[in-house]
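Shared chain: subunit A. Partners: subunit B in the first complex, subunit C in the second.
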Partner chain A sequence: MFNLNSWSIVLIATFIIFLVPIGFIFSSLFSGFSENFYHIYEYVLIEYSINSFILLLGTISIAVFFGVGTAYLVSNYKFFGKDFFEWGLLLPLAVPPYILAYVFTGIFDSYGSANNIIRDVFGLPNEYIFFPNLRNLTGAIIVFGFTLYPYVYLVSRVAFKNISGSLNDAARVLGQTRLNAFFKVQLPLIRPAIFAGIALVAMETLSDFGAVEHFAIPTFTTGIFRTWYGLYDLDTAMQLASILLLLIFIFIYFERASRSKIRYSNKSDAMSPKKEHILDFSKGIVCSIFCLVPVMIGFFLPVAELFNWLFQQNFEIDSKYLVSVSNTLMVSFAAAFIGCFLALITNFSARINKSKTQSNINVFLSLGYGIPGLILAVGITKFFTTVDDVLLVDFELFITGSMFGLIMAYIIKSYALPNNLISSGYNKFSVAMDESAEILGAPKRKILQKIHAPLLRPSIFAASLLVVSEIVKELPATLVLRPFNFDTLAVSAYIFASEERMFEAAPSALSIVLIGLIPIFFLNKLIRESKEL
Partner chain B sequence: MNNFFQIEKLSQELSGKTIFKNISLKASKGEFIAIIGPSGSGKTSLLRTIVGLDRQKSGTISLDNIILSNSSIHVPVEKRNIGLVIQEKVLFPHLNVLENAKFGLPKNKDSESRAIEMLKIFKMQDLLKKFPHEISGGEAQRAALARSLVTKPKLLLLDEPLNGLDEELKEKLYPPLQDYLMKNRTTTIMVSHNLTEIKKLASKVYSFENKGLIKI
Partner chain C sequence: MKNLDKRFLLSLMSLLLANFILSSEVNIYTSRHYDADDELYEKFTKNTGIKVNIISGSGSALMERLKAEGKNSPGDVFFTVDAGNLSRFQKEGFLQAISSQKIKSIVPKELRGPNDEWVAIAKRARVVFYNPDKVSPEEIKNITYEDLASDKWRKRIAIRSSSNMYNQSLVASLISNNGIEETEAWAKRFVRNFARSPQGNDRAQILAVANGLADIAIANSYYIGVMLSGRGGQEQYEAAQRVRVAFPNQLNRGTHVNISGGGILKYAPNKSNAERFLEFLLSEEAQKHIVNNTFEYSVLNNVEPNSAIAQFGSFISDQTSVADFGKFNPDAVRLMDRVGWR
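Up next is the complex of A and B:
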């Protein structure tokens, strides 16, 4: 049932606004193909596809190997550093792939820190190079693998934790070794969770622009960007974006389907906690090293190198950096505020109208997290130029290139965070409370203001922080949609890194990483409470 | 043969807390022993220690003249050939009833027919392809019993396996279980707090009191 009132109108308006950029992207497929498209189709599309495929395969392999491996170890064994690794393995989530890419080139290039240190130690001339070139697909796979494996780790860790200890005991009693019990019982049970993690990794890999651009690898995203900014052909860029978006939708579907299976496959009527097996010293050290490797590569190495760069330029911070910080905080808090407000209204609407359709629309709105920033930017630009041409031209106004587009992209991309948190917050208190308020004569708005909003304050606060930390990292949409001369931390790091001015990129990059640590706190809490994701 | 299964001066501590102390128990082949005691008295811990999931603080456990566990020996769980059925439903949720029943058998051409035979004893032949979430609690317990028995364990440990099932269902389960245990002379230890249940099955009854075990 769909009750039309002022609350549900907000929901419908949000739905339409979210849908329009995507609609514009797909509408490009029906507007005919230009010469540029045929050129791309003939000469580079295969290369984009092959590179994207290899990148996906390599990244997923690393993410699954370290994500599932470490999750298994911390879920089943006690070893040195286990308590740290339980949350420490999430740390690379704070490092966006493009920042690890900058750091990798800074460390491993011919004149990078690693080669310099070895040459200095052994007094060797400059022609000695010890590390292979990483500005290629292999380098990109390493970068994506070690920054994105936490997605697989997180879902696997929660899934392992949700397996009753008795199932593992039953397998052992029935003659299976620990290893066999892992392969025959634990692994099949967490398979849907692994697939959900893989889908997230795939979406992030396909969506990335900063890292592949830095390594000069032709993929769909770099192709879209070049077509738009190199060939000045927005329509062909949109057609390429449609192909990528279709691929992303497959992964989104895959992720949602896998999540729904997690509940079924872990269905056990009772839960016995799993007993952690205490490993002897040597085995324990091997496990500690295995867990340390991804955290080292994905977090400690880049953070140490960023501090090194900061140190190299004597911790000098210029006014441009401060402007970037203030710009970033301004847009991210604006998006967080609007996103949380919309999520509050849409969830409130679904609740008071007791409408399944509205709840489903809300779930649909959350899917924006999977849409690549660059594609959103393309869709929003087309949408805004159309509005300018059709509606605003007579008033000599234009919204293309304004802050609206940027904030709109941020809200669509991060809407899942406030929506999910506020929706979970709502689940904690009964509808009977609303009914009591209504019986006492409170109008709907008063129920929202005086009852729901105060009760949901912790969820809204957590959602705001998560949205800010997510937006701070966002690069491609920001790069395309920002108003002229409006630099954020991500854009500033990108510009310095693309000009190989790594030391100057350090303050912005380090700030992004430090702000990116915020979600780790919430995710760690989630693992401890062992909630389904 | 006497003393087919034996525990001597067995003590257990978990997280620094004494669970039981200096327990001794003997069972001949085919014997059915019951242990009673209130919740939290250490019954389940005793079974977990016997099967090898927990290692005892001191004492010896032996089965069929082989020491399974003492201060220097600890035969791993998977090599003890002891069956354990607990009240918690522990069918593997990703496997159907038949696959669950075959789980503990070596992979060969007989394993399927053996599993089906065992499931037939517990009247489960029509549910072979059903998954655990598609069957009732009583059916799941029957499947769990079949899964344990099909491996022909030397010792069967039952941890209130019929708890939570209604009396009618229990009445249906006792006869095939008793028949099978007698026919195969399977030594069995069952813990329970239900005296009626115990009287129907056990030849010897022990009780947990003051962290020790006394024969009643």
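Up next is the complex of A and C:
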């Protein structure tokens, strides 16, 4: 049942604040369908759905293939470059899909760097084009797959590490090949982790706008924007957004349902140290190449091209650039701090109140991740102006157009990260511990402070850094909600790239990538220490 | 004499002070994001002491923000790149009439809103770029937008996605001139003439022609200026030299022209600053800056286009009311959906 106490009040308050903009979007479903909706239904909805579906399927395939594959190799074998790949495989996390999309067109277009180099080497005229066109679904799948697979890699890697070596040994002793042991023992054990990773990849793919727009692929998100901007019909756009949100909701539901069926049974004390199998030279090289491919495509290639652009213009650090760096850091850290705090309290509340309702509410709050930023921004703007109108009539405009809106959008959009990490952090230690503390007379606040918070510290730490790296990339909501004269790195990168002035986009784009690198260092630490969790 | 000096100084100071207290800033909502604009704002501040605050974003996003802000909106000026956007803002009642006689006297009637709710700041034409090696002079001579649907252009045309507002305005202008049915029949055949599925921005279309992926491209005039300026790098500069420009419909209604323009927002808290800002944008100084940096055409007759653009010659522009671009925009989008223009 729902226990009303000070902890659950935080949850309810968070729920309401999150719900208002989301509810505003869903309410569009009840306002009747316009002519435009039927037009979309008749002519383009099927295409949007098919494209989104293919995109999702392709992206998940790449993400699982490379994410799980590399995590398995790095966890079980010793081969050339393994120590690098262990953290190097996370590098593409720093590259947002839209920046990889910009880079891909910059390299592979008919007039791109790759074609130019080959033409220059062989002295060929401009009609010769060597690389296939990537401004299509295939290109988008590659872009999403290779920027988002680290989500799957990260969770799989931690999960592989937590599998007791004795399980694998038992399978081998019973005559299973390594491959069989992988498919029959390890894979089923890490399935919940893989699903959690897939859920993140899917939400990220479905709600992206920048990359699909750059490739001119009709999907749900581009359809939403087209309906709003071209048909001037925000209500229908929000109805499309609602459909998208429902899809994401179903996705999350299945993910949660399958996850709850599986119990983590590996206590660290039951774990025998896992021996890493040393591969012979040729097999080792194959493994190295397999691990190198995703890092190459998702990180080194774009960074090299961004540096190429940077050096093609005379870049000097001006105050405008520095201001956008500090703006970006300020808002993202503020959002990360508040988001983690809320996630900690709400998860704590659901746990101590043993409330299924509360955990379900928490799951629902993660939905914000899937809301296209621009639609979320509209919901927040309407919410804030209502508050301004009702509560602050006599004052100057107060919260509309202020930093609050921006930070709120960031928290709602990134809440899935702290929420997932903290709730799976909670899954790792038993409720019995709380009960013992309670029997011994500890008040709830003490349980949170002295037991949960220290145990969850790695999760909270990882979550806040993931939130920062996520927000640094966020674009559409920032464009709408930012206060006057408030440019972030993503905004200036977008402004240049939308004009295809790539050289000038390079400093901001590179900075986004560099800031995105910071969490990787800590995430790597998290992986290394995960055995001790 | 000394007294006069003192009094003059005093009045100047109080004027400056009043200026500082009463009219220290102007808040601009813009969907243009050119560096050249930032330099313009700096010039304006230097000339007048009025601080310029900027919010940029797409027209529709800004409109939602304004709608939500209502009477409390701090916005003074709306500045955008598409006439459709302007007329939409005017229709929705977001703009108030501009009272400045100066503006009315220098900008011709057809480049202002029906009741002077907005004013054009610069012009751009949607023209045909062609590869002279692949397109004969006879083929391109007297080209019209309507001709582009003819079978002789089968699989030869590069144009960007129909989600782009420049294409939406072009099709809206065709609807305004030829009606929906005729335009739809035209669009059906036009789409078959695409050399590739629509992708990239206008510059990418010009590059496609330069690289032989298509024979002709439809794109805005100023892109070639940017490319020829060398700002996009050596490759774009060379590509730009391989293409030529043709202005469609010169024997009838003229080439489709879109505008950049601005209006004063209804609840502008700094109205007089807003007018001064628009007047400044229409000054010779600002116009010359725009012409030489964004390569648009000036709305003033005495300001010549940048030489990179001027070399393609002068042309007759379509007089179709730009307000129709906004009016027919949703029809244009639905029509393009129906014919499968992605």
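Quick notes
Following the convention adopted for this analysis, the second predicted complex is superposed on the first by the 357 of 533 C-alpha atoms of A that agree within 3 Å, B and C clash if a C-alpha of one lies under 4 Å from a C-alpha of the other, contacts with A are read in each partner's own complex, and residues count from 1 in each chain.
Basically, contacts are C-beta pairs under 8 Å (C-beta built on N, C-alpha and C of every residue); 3 or more make two chains touch, one makes a residue touch a chain.
The structure displayed is predicted, hence computed values, not measured ones.
By the touch criterion stated above, A:188 is placed in contact with subunit B alone, subunit C being left untouched. Using the contact criterion defined above for the overlaid structures, shared-chain residue A:413 touches neither subunit B nor subunit C, since it reaches no partner. Legend: residue contacts after superposition of the two complexes on their common chain; A:133 is shown touching subunit C, with no touch to subunit B.
In the overlay built on the shared chain, the residue A:381 is in contact with subunit C alone; subunit B does not reach it. In the superposition on chain A, contact of A:176 is made with subunit B only, not with subunit C.
Of the two partner chains placed by superposition, A:351 touches none, neither subunit B nor subunit C. Shared-chain residue A:166: touches subunit B; no touch with subunit C.
For subunit A, the partner touching the most residues, choosing from subunit B and subunit C, is C. Across the superposed pair, subunit B and subunit C touch subunit A at no common residue.
The residues of subunit C lying in touch with subunit A in their complex are 27, 33-35, 53-61, 64-65, 68-70, 72-74, 88, 160-163, 165, 168, 196-201, 203-204, 207-208, 210-213, 231-233, 235-236, 239, 242, 329-330, 332-334, 337-338, 342. The touching residues of subunit B, when paired with subunit A in their complex, are 48, 51, 53-54, 76-79, 81-84, 86, 88-90, 92-94, 103-104, 132-133, 137, 147-148, 151.
Contact residues on subunit A toward subunit C in their complex (touch as defined above): 36, 39-40, 43-44, 105, 109-111, 116, 126-127, 129, 133, 135-136, 213, 215-216, 218, 222, 225-226, 228-234, 312, 374, 377-378, 381-382, 384-385, 388-389, 396-397, 400-401, 479-480, 482, 484-485, 495, 498-501, 503-504. Considering their complex, residues 164, 166-167, 169-177, 180, 184-185, 188-189, 191, 264-270, 272, 275 of subunit A touch subunit B.
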